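Okay, got some structures for you below.
Across the two complexes that follow, subunit A remains constant while its partner is subunit B and subsequently subunit C.
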Partner chain A sequence: MLDYILRRVLYAFPILLGVNLLTFGLFFMVNTPDDMARIHLGAKHVTQEAIETWKREHGYDKPLFFNAEAQGVAKAADTLFVEKSLKLFLFEFGAADDGRDIAREIQTRMWPSLAIALPTFLVGLLCYVSFALLLAFFRGGALDTGGVVLCVALMSISGLFYVIGGQYLMGKLWNWFPISGYQPGWAAWPFLVMPVIVGLVAGIGDSTRFYRALFLEEIGKDYVRTARAKGLSEPRVLFRHVLGNAMIPILTGVVVVIPRLFLGGLIIESFFGIPGLGSYTIDAIQAQDFAIVRSMVFLGSVLYIIGLVLTDLSYTLVDPRVRLE
Partner chain B sequence: MKPVILWSDALLFLMLAVILLLVWLLRDQESLRAPWRRVMRGRMGAASAVILAVYVGIGLLDSLHYVERLPDAEPGQAAQYSGEVRSALDALLTPLREQVEKTYSAPFATHLYVKEAVTGPDGVDIRDYPRLRHGGAHLVDPVAGFWPDVTWRGLLGLLGGGVAWGLLWLTLGRSPGSASPGRSAMWTTLLAMFCVTGLLVALAPHYHVFGTDKVGQDVLYLSLKSIRTGLMIGTLTTLIMLPFALTLGIAAGYFGGFIDDVIQYLYTTLNSIPGVLLIAAAVLVVQVQIETHPQWFETAAARGDARLLALCAILGLTGWTGLARLLRGEALKLRELEFVQAARAFGVRHARILARHLLPNVMHLVLIALVIDFSGLVLAEAVLSYVGVGVDPGMNSFGNMINGARLELAREPVVWWQLAAAFVFMFALVLSANLFADSVREALDPKAKK
Partner chain C sequence: MRAAMHGRWTRGWLGVIVAALLAGCSGPVNSPYAPGETERTVLFTAFGERPKHLDPARSYSEDQYLFIGNIYEPPLQYHYLKRPYQLEPLTAAAMPSARFFDAAGRELPADAPAAMVARSEYEIRVRPGIRYQPHPAFARKADGSPRYVPIDPRELAGIRRFQDFAETGTRELTAEDFVYQIRRLAHPRVQSPILGLMSEHIVGLKELAATLAEEAKTLPRDAYLDIGRPAFEGAVVVDRHTYRVRIRGKYPQFLYWLAMPFFSPVPEEAERFYRQPGMAERNFSLDWQPVGTGAFHLAENDPNRVMRLRRNPNFREDFYPSEGEPADAGAGLLADAGKRLPLVDEVVFTLEKEDVPYWNKFLQGYYDASGISSDSFDQAIRIGADGKPDLSPEMRERGIALSVAARPTLWYLGFNMADPVLGGTAERARKLRQAISIAVDYDEFISIFTNGRAERAHGPLPPGIFGHREGAAGINPVVFTWDAERGEARRRDLAEARRLLAEAGYPNGRDTATGKPLTLYFDTMASGPEAKSRLDWYRKQFAKLDIQLVVRSTDYNRFQDKIQKGNAQMFEWGWNADYPDPENFLFLLYGPNAKIQGGGENASNYRNPEFDRLFDQMKNMDNGPERQALIDRMVEIARADAPWVFAFHPRSFGLRHGWVMNAKPNQMAHNALKYRRVEPAARVAYQTRWNRPAWWPLAASGALLVAVVWPALLGYRRRQRATMREAADA
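Right after this comes the complex of A and B.
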């Protein structure tokens, strides 16, 4: 088991290196630091001097991969690739273009993100799986057909409409919650309820239909027929046998996203004014602050790989046949 | 008038030509026709296919671009062309395009949304809602004359639509063939589409059916123009994604070993980057390139088109992983089957095995994945445009429409019609795409329950 985890961690390095090379290529080779400086300095007629100054101030005045002027190891080390890209492996994110420390921002913004993403995820999973079980229980009946039609209709609506509609109804018309904003600590909860509800409703169509399909596939299998033939009640068959065996495909899709909950939701956060990582990223994209985007890409990949390892580990919990060698 | 072929138009028509050619070449293959007949025989499949066809029709009309010739300043001079690229759809919708108001007006309004100083009948300036320049301008008395006029025109439009449908049905609808639920569903949907079109044709030139936006443009016109963008994103992306997914996915599964390792590494790496972020990063780079090289593009339309294509390319290059993984798994299974083993034992070359034995056996998966992806891509466009990494902000798209409209909900009274129009048009497109995808999956997937 430990062996396995160790191997997976080692295997993560080439992937993260690939991710870094990709973003580095995008942000430094296709788009040179000169282009970047020009965007931030704004005006169309910028002098080369101003560009050089900006690059020096933000640490972009080095060669890409190979520093011919330096001595010894520094030939390879004192370059943009090492400074800006490889240092991410040590979680040294450096400073954003506006001068603020990215690592500190991530640490403070992580919690509001989690405060929305975690309840949405947990309550969502519970709701969607129960709805899907309900539909599967009444399969072929009017409730099932109606439910599936509703699911397809719900998943055909753009997520933006859920946010706008939710804000309009709950925030403006009924005045239940503040439309947007955030306060630290326990005072945050009125600001959190609406994003969570909107997030839940937005995911209902897709997920319920997905889980229902999983359950229906299990229901068609022989062991379910055997269980019924033994005289077990339908709820017992559904909960013990079908749900238990459907756990593997459910976990495959679910566990991998858990670490990513830290990153929060891009759309939800920026619409509701939550100072989390999602809105941080969106702001960075809109301000073309590539340092933040690079850091978030790296962080996202790390969390994804952690999620993959967790998924494998979770299989051993639900399926005794799975052994990690 | 001079036709202009934008890059995306060329690709779209190329794709259309290839599809038509394939359909024509394979028209006699009963095994290929049967599933499609099954799709069209179902109620959902037939009805959604009709609606999708209407959307595609509008999108194609909007892809026939041209520039207007300017009146000659002096005789004998070389012809000058306008810098504004229009499409056949623009020409059809000329009244809608040209009937621009000052600012917002509600659907079917006869008066503007905001008060202005107007000269009253007695010559005194008062602040009141002025009459619209075009919406309901033909009414003498906008209060008393409104309902009779709308009802009359509406009925006439419905009648026109109904008659046109009836004529079509008389010529085509009674042709011999098996009656199926799909057939009647198709004709019912067609009737509905004809009636809606009739209504719009009768009412839209005289009223703003979906109101007007901030700068007074007709929202119905904007919605119709947005359709092409959504379709382009949905189709061109798959066109770009398909070669990657097919070659890499099948190669990984069939050859295994080192090739498999490399391809798996590639898609794990791509997958590990959060989707929106990767797209955002790539779009930002393209955006900077476009901004720093204005000399590449002659017209604003060409620039918007380049950005649309870039977006499709980016979505395609980042989106092939899912299908590739699916195909890898399938190829892995097929590789061990007897007919492939036999072909290998006979010494058939790899290329031939791949083309003759593997490819036809994964095509149903590919088709299913493509129709399922389509609706997701249309939805993705809206989100990406909101984030600021979607299509050009000057381009008509559902995302830009929603984006422009969302802040206006805070106004009093609420400006809801832009959102409503975007919602209706998008919902109809995505819903029919989803339903169509379901029918296709049911018909093509041998594992799906009949």
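Right after this comes the complex of A and C.
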């Protein structure tokens, strides 16, 4: 298994390099360093000299991929790509264009993101799987039909509607929670409940339908009929056998998400005023802060790869037939 | 033993949770603030995006001035109540006056013509006894040496937040600090946005910038650069409390710049303190941890969540003004006359990116003031039969007050004067521009897209700026006529626009030479579904003249690039005044400022020799009849040449709760927070009344759950009890 993990880690390097190249290429295809300088210097009284100074001070005065004026290795090394992107492999994110340290920002902002994403994920998983099992238990009945109709209805509504509707009902009309905001530490809980509820409700439709479909597929298999024939109760059949055998597809969708919980949610964080990494990324894209964008894309890629490796490992835990060679 | 410990641990956490619940329930349960916080004399407001910079040499936008305008103090400020805007001393002991010198260094009389003046000198006397806020850069050891410069890396390792510095100090503000800040404008790492502009005016600033740039190349990136060493005659210290600024030629607008944060004092100790290794990684820099003499200091700096300004304990004696406009006394704006400032202990700014939660929290009483987004306009404002805005009954019932103020801003539709179809001085092109000026009905635009929150523009000068004329004398005769009976301007008939269009060689929108329909291109940054109606409106305006309009929506970067290179034909643009002087608007049409040749702010690349000559005369004059006459002629030229369709001057609408006092809109002052006062008792009473929780939905949800679960449970039990036959039948 160790060999397998090592091999996956080595595979990760070319993938990350490719992601970096793509991010770099796409970003600079849309924004030239002159554009970035103009954004940061503002709209008034900006001279070309000021633009050149900004580029020089932020290291954007070098060629993108090939430095014809340099000698030897420096032709490739003394370029914007190497200077700005390859240090990411050492997790040196550097400073944002406004001068703030990116690593410090990530360390600070991942906790609020996690404070929302983790309970939403865990409670959501429990609720969605339970609800899906319930529908599977009453399959074909009125409860199942009603549940599916409800799920389809919930899936059809925009995520933004849940946010605004949740804020209106729970925050404004019933006055249960602060409409938006965040406090560090234990004082955070009143600010977290509403976004978590909104996140749960927003995800209930598609997740429940997905899990229900998995369970129904399993319920039709021979081993389930055998279990019933042996006299096992329906809950035991569902929770022990059906759920156990449906774990592989469930884990495929679930484990890969776990590391990326740190990255937070874009809409939820923005509307609820949660100072997490989701809003950090959106702000950086709007401000054309390449330093943050490349760091967050890199981090997202690393976490995604970790998620995939964890998913593979989790298969061995739930299915003894799986071996990682 | 282990079980007992586990029990204690569980009880401990339960205690914490219960305590937290109770703590959260001592006021309205939906309060976003700590218990008891709203009972203090604290002003609660919001900011929409995190400020990029808090360095007075770099910051150049309203969202940054919101903070540093109340922390740093330049030599001058705008009087809070008087209109038109009036400068007065802040940290300066008196209003500085200029001395003029010719090329030979001989002093000239105060009324010397600008052409004779080679150099102006402003001698500024600093008010003695002003002290900086407490700051670790000023902390001293017993032997008088700086406590934290140099800082022991082991000590710095234990410091994570700025508040972790155990010792602070202060010192008196001196003239040296003002001169140091002027030098900082040339600092290559600071990258002041006004360096280019000020290099044209302050003697030797350009040379200083070049010298410092060379020196910086020899130093590591974050190393301390001694900007005080190179010779610089543009700003010199005369004595402990006096400094002198030397300006090229005559530049009376320099006084306005002295009211902006760019010219606030910065102590050199702070720069030395922040430039130490390890500081930047902790976000400790002048860009993020300001050090000023103002009424407030930045007590909490978390731009991701909350920024907290707290009363500066070292703030000098400063008092609420005792005179203002005639109506101010009646409006209660002089009730606090003579009281020591600031009138609140703290100002809490919460990051609120979206309009909807901001508005709802304002209605709940959790923000003391709010703007009005277009989404909430209909809920807040009623437009009366006379066209004047007023509060809706709902707002009145809540005791909310409305304030409306003209903003020193101009929006216009610009023509690129270098364009072969629309540009140039030829009569044909001029008539085409005039025809478009008549056809594009910005009154309609104001009504549809700004909810009436703007004033139609007749020229480049907004209301409140010297030179602006009201009534019949102020209309743009190319586009309007004056209806003396109704006392208002009337847009010229569309037939007149069509006549002009025909005279320009495009009868019915067709080119007489080619017979092809006239197609014009409009560049804009507006795009996406939300901009569609606005862009359709523009198309319709041109369609009135049978002109086909092609909208070229683009992003900010491409748009800037097109304007820079003169590749746009028509575009929409705006200008927000740096200072309330006509020069700051008319320079947008000054030929030498053309974007294409000079990279200046004249985006239309307009050039008219007479206008330029008059501008050179006007810019250095004092306000008076002679200056007004020149401005009138310049405005007349601009209207006739029509390089812009003068669109509108926006008006800002602000709402505030009844417990907020002394809120008079001041579009130029950046330090208005020290005048605000709140009545916390009234605020708490209203918050409690408006935020009573409704618990019935919880009970209803429980009942609904039971209604769903109960039949499910019955169904489950029935199934469990069912025999094989029953199950098969089912």
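Basically, the second predicted complex is superposed on the first by the 310 of 325 C-alpha atoms of A that agree within 3 Å, B and C clash if a C-alpha of one lies under 4 Å from a C-alpha of the other, contacts with A are read in each partner's own complex, and residues count from 1 in each chain.
One rule holds in what follows: a residue touches a chain if its C-beta (ideal position, glycine included) is under 8 Å from a C-beta of that chain, and two chains touch if they have at least 3 such contacts.
On a predicted model such as this, the values are computed, not experimentally measured, just so you know.
**Q** Let's test your reading of the overlay: on subunit A, do subunit B and subunit C clash or fit side by side?
**A** clash
**Q** If we overlay the two complexes on their shared chain A, which of subunit B and subunit C does A:Ile164 touch? Say first, second, both or neither.
**A** both
**Q** Output check: A:Thr23 vs subunit B and subunit C. Expected answer is one of first, second, both, neither. What do you get?
**A** Only subunit B is touched by A:Thr23; subunit C is not.
**Q** Between subunit B (first) and subunit C (second), which does A:Val293 come into contact with in this model arrangement: first, second, both, or neither?
**A** first
**Q** Just checking: does A:Ile39 make contact with subunit B only, subunit C only, both, or neither of them? Give me first, second, both or neither.
**A** both
**Q** If we overlay the two complexes on their shared chain A, which of subunit B and subunit C does A:Leu86 touch? Say first, second, both or neither.
**A** Neither: A:Leu86 stays clear of subunit B and subunit C.
**Q** In the overlay, answer first, second, both or neither for which of subunit B and subunit C A:Leu232 touches.
**A** neither
**Q** With both complexes superposed on chain A, which partner does A:Val257 reach: first (subunit B), second (subunit C), both or neither?
**A** A:Val257: touches no partner chain.
**Q** Contacts for A:Met155 in the overlay, against subunit B (first) and subunit C (second): which applies, first, second, both or neither?
**A** first
**Q** Applying the document's definition of touching, compare subunit B and subunit C: which contacts more of subunit A?
**A** Comparing subunit B with subunit C, the partner touching more subunit A residues is C.
**Q** Choose the clashing stretch of subunit C with respect to subunit B from the list 529-537, 601-609, 637-645 or 673-681.
**A** The superposed arrangement places subunit C into subunit B at 529-537.
**Q** Taking the contacts subunit A makes with subunit B in one complex and with subunit C in the other, which residues are shared?
**A** Common interface on subunit A, subunit B vs subunit C: 30-31, 35, 38-39, 164, 167-168, 172, 288.
**Q** For the complex, which residues does subunit C have touching subunit A?
**A** That would be residues 16, 20, 23-24, 28-32, 34, 49-50, 52-53, 60-61, 188-189, 191, 193-197, 213, 280-283, 285, 287-288, 302, 304-305, 350-354, 356-357, 360-361, 363-364, 366, 555-557, 560-561, 578, 599, 601, 691-695, 697, 708, 711-712, 715-716, 719-720 of subunit C.
**Q** Help me check something: in the complex, which residues belonging to subunit A touch subunit B?
**A** On the subunit A side, the touching residues are 14-16, 18-19, 22-23, 26-27, 30-31, 35-36, 38-39, 152-153, 155-161, 164, 167-168, 172, 216, 220, 260, 263, 266-267, 281-282, 285-286, 288, 290, 293-294, 296-297, 300-301, 304-305.
**Q** For the complex, give me every residue of subunit A touching subunit C.
**A** These residues of subunit A touch subunit C: 30-32, 34-35, 38-50, 53-54, 57, 95, 98-101, 104-105, 108-109, 134, 137-138, 141, 143, 164, 167-169, 171-183, 186-187, 189-191, 233-234, 270-273, 275, 279-280, 283, 287-288.
**Q** Would you mind writing out the residues of subunit B in touch with subunit A in their complex?
**A** 265-266, 268-269, 271-274, 276-278, 280-282, 284-285, 288-289, 291-292, 375, 379, 382-383, 386-389, 398-399, 402, 406, 409-410, 414, 419, 423, 426-427, 430-431, 433-435, 438, 449
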